[in-house]
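Data block below; observations after.
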Amino acid sequence: MEKTLAKKSFPQWVKALDSWTVYVPRKDDEGRWDFVRADGQETALDISQTTLPPKKILFPQREVFLEFRKTQAGNLETTEIKEVLPEVHPTVVIGARPCEARAAWLLDKVFGGEFQDIYYWKRREPTTLVGLACTPPPSDNCFCPSVEGSPHSEEGLDVLLTDLGDRYYVKSMTAKGEALISAAPKLFSEPSAEDQKRVKAAHAESEKQIKRQVKDARGISEKLKGMFDSPFWDEEAMSCLRCGICTYLCPSCHCFDINDEIETSSPLRGQRVRTWDTCQFPDFTMHSSGHNPRPDKASRLRQRLLHKFQYFVQVYGQIMCVGCGRCITLCPVGIDIIKVLDKVRQDGD
Amino acid sequence: MAEEFEPRIVAFLCKWCSSAGADLAGVSRMEYPPNIVPIQVMCSGSVSPLYIFSAFNKGADGVLVSGCHPGDCHYIKGNYYARRRLNLVNKLLEYVGLEPQRFRMSWVSAAEGTKYTQVIKDFVKDLKPLGPQTKLRRNA
Amino acid sequence: METSVYTPQLAKIIQTKDEVVGPRAIKTFRTQFVNGGRLDFRCGQCAMLSVFGKGESMISISSSPLVKDYLQFSILRTGRVTAALHDMEAGDTIGIRGPYGNGFPIEEWRGKNLVFIGGGIGLAPLWSVVQTALLRKREFGALSLIYGARTSKDIVFKDELEELKDKMPVHLSIDVAEPDWKDFVGFVPTNVLDKKPSPTNTIAITCGPPIMIKFVIKNLKDLKFEDEQIYTTVENKMKCGIGKCGRCNIGFHYVCKDGPVYSWAELKKLPQEY
Amino acid sequence: MAKIDELKEEARKVLRDGTVKYIIGYGNGTNGWPAAPIFVKKPEDVDRFIWDPTCVHNLVRFLIDEKRRKARQKQPDKRPVGIFVKGCDSRAIVVLLQEKFIERSDVYILGVSCEKAGVVDAAKLSKKLAGKMPKRVELDDQNRFVVTTESGKIEAAADELLAERCRECPANFPVIYDVLSGEKVKRTPDKPYGSLEKIESLSAEERWTFWKAQLDKCIRCYACRSACPMCYCDECVVDSINLAVTADTTADEKAQRIRWVQRSAESSENFVYHLVRAMHLAGRCIDCGECERVCPLDIPLRFLNKKLEKEAKELFGYDVGFDASLPALISCFRDEDPQDFIR
């Protein structure tokens, strides 16, 4: 279903979605974007570069798996566990970037398959992603076309909005998307032939405005297979500080840790909790004996790149990186995976 | 009578004097509120800021560190180090907005049973109006 | 109501046995599910044991799948969860979820001789397939076991090994000579060279510390064993057990899901990341 | 800011005659921020070094990695490592020397004085350029920053874009160096702790709401800890298992290790982490501002450490990073240390 929505009636549309929990991107006074609950002050959608991608809504940093307690009756001690499944209200994320929705589409593959991760799906199924095509690209480090995405890609999205100046061109790809439109049908009108021509032009133009690119990503993926032991990684990781920015802020990074967190120790009461984890920290792979298969930052930079550009391709057939540029922009020491990948392509030995 | 709020205080008592002062108060059957959870440490200088933050994290309404008067320290300098370090902890807690009455340091010698009970009484009196400590507390 | 793959079933420890005492303590546990839980598994598969309040730990199931009334785990005391398990006695409750891992491809080994080569706690994962092979003795060729530990006190399943001696040749070894030790003295890989198992129509399965596996495989190659005839298990840190938390990978393989059992032919192609 | 041409010659010389293993400095970054740390081993690569107001990183952090690398090698190369330092960075070296973490012979210091100005504040510049990235930033002779972006040049008074720490910098020239470029312009900031007043003037409740709102943003990516030259513990209070596990660490040691901070990024856990880190930096933090710069959520962490630096100065008259022979702040005392808070 394809419609158009006047920009000035965008706030009414958000208000009309009152049976959903609506998230919109908002800029705080330090100029940092983040997804926040809509509170009626939305005017129009801006091209936004949120620090934390919508991943924080689908795959939150903390998820309680189960609660455990020990109860003492006389000398009989019983252990009880109670599974805690999230009850998630139907949710809409407006203003997600097409690359972030593409990352959600990749996470669907990881958390689906033979072992379904019910905590992820309890949040993913009721969530509708409304994307805004990137005309122009939100960051100077965007490179989605190089990794089989585009500023107007539709994977993972339920609705794609394209800014045509005074109105949005609304394309809904799924039933979930159509439900949002039918929540306020009178705000939408049929697209004219002129609109359709302009939206194609806008999409074509948006691809030209992408400033950075990785040539032959699939070729690099092949070449990476033979580079496990190369000293290349030591030189590239020399300035790495081993922090977790590049992975925590990446829309497609999904590694996590599971820990028991104690509220009271006797009688024992606590929760088993999933939290984000990163391959950049040493205790991610450290054995109880102290042996660490990935002992230094070079092996961890190699893991981050191989996982995204080689392992994921071998297992799921897709490149895991969606080209949003966050890890490049926010790296404190300027490690730039585009530069690293180009070096792999040019002289990877 | 409404259930009156009883603050729970974690008290790090130096083994050589404050803890002995507490024993003296007990032996002399002095009355003082039962709100403190005493933790005996070898010296007030050995109380790490981490213990204090962790006590507040686990729900303490007040934290007391009680050591020997300057000059009485069994290890000569322990209480001088504590004085400097816990002064910084006090300033930092105040700076992030924790109610200043919640953290207290005192000198109580082994002979000052009465002073010990007075410190506890004052501390409980200060904490009662504040209600439970919810700021740094872990709400699992 | 669908339940999560991460939620363990509750189980009671019905029996514990101290295999090894001291700093490298090993204890064997037999567990039974409470309120009708069950877990069907294949030899060499593992289960994630939960000690609530401490965490989880991936342990291989050392009882045979043909034994239905209990699950047996032999655990080395090495960290937070395993130390908590060692402090438990019969009647305590733990959580078990699984089974995880690909397990030994025992059906493919029909009609072949099986040589089990274990080191220290490595005998635990092997024990499941040893017991199963014994219970289905007619389907396999000759069975034999080469097992070693640092000292005679570090040998696990001491009584069971005695019984095993009349069912198959058992070649024990300890690293350093001891007064009343009559069997082989030296490392397990050297014991393998000494016993010279013949590679014809034989599968060698080895588990133990990585350094031992490395040299056992080298020696087996010297004895003309083909890569496809050598199987081993790989140890990596695991948390989810179902190939999602991202930490246990060697190359694009997730050890918890695609492993931990590998033939040397497959493992050779993967990077040295274990 | 002083030029580094003579320093480059010096760098070429020491690399050519091998007295230095490699040199840590600033080169051109590609991620949109002009400067990025580089490591030069060969004399002909010395021309890659640049020096401009975007050289904000504190390179002393890499001396920690160097020490760890040497500890892992069987026959480590004992030659010193060259490093470009600003005034604040040099004070970080003094603290590492004070704590005997490195030897003076481990490091060959190329000092550059900031003279009249200092470095730009990344957050202020990004706000001024509305998110766009600067191509080049220079300081002209009227002490104004000239910022070149792809859509032309912008000028701004130094004061507007200068990093907070530079405005309050007690000594914007290296206090320790082997070679120095630029004069030592002594500048006494009128209010050395001026930036704290904004928070100190708030009431207790307002301060709490401020810090709770800020620390609730924290996602525990530990960039602040990773960037800090003073955070070099092998085993940190927040790590889930101890990192310093060796083959002979007993099971009991690992099992009885107390988990002081939970892994969840909950407000209570974030507070314990940041408060403990602030206390561990008391009298050691040289206010290089890296913790604040690298934080992806812009949490004003510098204010935590600056507060303790101010207390250390006012309560105990303790200056950080100027004298390597001084004992650490909390392992010394004076009889006249205040004790009014003890009752």
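Each chain gets a letter, A, B, C and D, in the order it is written, and its residues are counted from 1.
In this text, contacts are C-beta pairs under 8 Å (C-beta built on N, C-alpha and C of every residue); 3 or more make two chains touch, one makes a residue touch a chain.
Computed from a predicted model, the values in this text were never measured in an experiment.
Note on interfaces C-D and A-D: more C-beta pairs are in contact across A-D. In terms of the distance between Cα centroids, chain D is separated most widely from C. Chain C has its Cα centroid 52 Å from the Cα centroid of chain B. Taking the mean of the C-alpha atoms as each chain's centre, chain A and chain B sit 47 Å apart. Here the CA centre of chain A is 31 Å from the CA centre of chain D. Residue positions 257, 259, 261, 270, 286, 288-289 of chain A are each in touch with at least two other chains. For chain B, residues touching at least two other chains, in rising order: 138. For chain D, residues that reach two or more other chains under the stated contact definition are 241, 254, 262, 266. Only residues 65-66, 68, 70, 77-79, 81, 83, 85, 110-111, 114-119, 228-229, 254-260, 262, 265, 268, 270, 272, 274, 277, 279, 284-289, 291, 293-294, 303, 306-307, 310-311, 314-315 of chain A touch chain C when the two sit together in their complex.
Interface residues of chain C facing chain A in the complex, by the touch rule stated above, are 2-8, 10, 50, 52-56, 78-79, 82, 93, 95, 210, 235-237, 239-240, 242-252, 271, 273-274. If you check the complex, the residues on chain D that touch chain A are 29-33, 35-39, 57, 61-62, 65, 123, 126-127, 130-133, 219-223, 225-227, 239-241, 243, 245-247, 249, 254, 262-266, 290, 293-294, 296-298.
Per the touch definition, chain D reaches chain C in the complex via residues 241, 250-252, 254-255, 257.
Within the complex formed with chain D, the chain C residues making contact are 23, 25, 77-80, 82-84.
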